[in-house]
């Protein structure tokens, strides 16, 4: 490949990690980024938005980078959800590369609470301390415990959202549905913050009802990686 | 499940029917519904928008409920069309539950004129008397005969639309296409109203040309349920 | 079929070509076209936007027609990209029919530099002299050499874009990504113009890196038709 090493690695969800040491100026201008770093790290995949955003959140905590852009495509290879394109910026290209490495590696963990069957999927995410990726994508307050509850088809997500907030004292940060806050995906996504134990409790309650409901439409939903929210 | 029974049943199109007796207030606020019922009935599926809207139309006629929200995802499990999320509201939860039951049951009928093959699908719907679901989703005049003609890929829908209005004296209520009025789905959707016989005649003419054209791209299009528009 | 022959033919990408001699006035009004031709030619398919736009560009050069509308659905039958609906207008229906025939035939060529595997696709297009379809869809300057570089998942498209503009002296006409300029598809699309040799050189450089990167996510990407950009 070119002199500036561009390929970092791949991960599940048809995810690729890339780095550009010095983005061409004319392309950079058309990208409409708020912040103009010339060195960027890129992760993008076909399947998943939550896992990638949570992994990017860890990456930005662990490196001297900034989240420049998070974009969600209507994708999942014919599934009901999103694909993703996330860009890190840094003054030094090695920081961007490191952020991409951290994010790719962390996907093994953040795919842990994605459960699917032939009819759809549910997804749960949790962090004890939200950082800049969760803030940019979901408006999560920096430094607070934060979680998301996703159900697809969207009808399941409605009940998951209601169950989550009834099960613990959490604050609703956001609520996305096919017509608003998603890329017309067939999902309801609840975003919550609050005390660490409460957020975890809410997410676990949503997971239980979500798996049960999705199971009524097909086989028992299963995850491809070990659950991390315990 | 929880004390308030939440699961009502399932139906074709990966459709699930659910009820929440008393939606959590913080979630309800984020849902941005125009009308604020605490008791809601929910139907949602991966495949189909027309069948679900027509079934919801019957449900709202048969019960003391209101249509609170109709949202269409770009879905169909990789097909060219929409999935759906429809919410009924009522003061008494038993009304919402009944509406969901009626809608789920009616899907057996409203899927009758959806014809598909490996290249796409066409869909026809007809009601002698449009109610609040058709009004909310398509702007159909309440109480008038109403029909929709859908073709996917969208090019087929253009000819179906033209054929429909040329075949009978109907009024065009709406016309949706990938860039406008759909969730970027690959469909053209014509919405017509008028005299009962004219609407039915127009829909039947669109069905004939639609099946013929879709058949040029693959095998003979077929429906999974008996046709109801005769 | 009806007296005005409506069916012209089919082509790859589940593409159909149709003609309407005299579009019904009430439908035409709802279509919201800027230009009001009663005779229209229609091409539309499930898979592909670039190939159809480039083919339409040749068709409009070769006939006495105008491009009335180009709409891109989020489709590709579960892939990461677009389907399409393109409408030609003409005073004489035989001109529209001829445009559709030319476009359908040219798809055999314009699908030549679409390369796919199980993880995604990349696509390259090039013309020595852009006409009205490229102008309408991408803002290409009429008469200038023009090319597009597409990568899906979008992350690959970012590197392809950067590689293209670094490899030759071209001007960036546009840059589309999941959140902007696409129908929420998982693609980055770079549009470039300039000197004929430079555009071709840039597109070829993007093709090389794009194929290499897409190959890291799966099998060697391949095209279904012979490459035409040489």
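Here the chain labels run A, B and C in written order, and each chain numbers its own residues starting at 1.
Here is the rule we use: contacts are C-beta pairs under 8 Å (C-beta built on N, C-alpha and C of every residue); 3 or more make two chains touch, one makes a residue touch a chain.
Owing to the predicted nature of the structure, the values given are computational and were not obtained by experimental measurement.
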Is the way these chains touch best called a line, a ring, a star, complete, or other? complete
Have a look at where chain A meets chain B and say same if over half of the interface residue numbers show up on both copies, different if under half do. different
For chain B placed onto chain C, the superposition rotation in degrees, Cα atoms, nearest 5: 120
Centroid of chain A to centroid of chain B, CA atoms only: how many Å? 31
Multi-partner residues of chain A (at least 2 other chains): 74, 77-78, 183-184
How about chain A: which of its residues touch chain B in the complex? 74, 77-80, 119-120, 153-156, 158-159, 161-163, 165-166, 171-172, 174-175, 177-180, 182-188, 190, 209, 212-213, 216-218
Chain C residues within the chain B interface of the complex: 1-2, 6-7, 10, 14-18, 20, 23-24, 26-27, 29-32, 40, 42-46, 71-75, 77-78, 83, 85, 87, 183-184
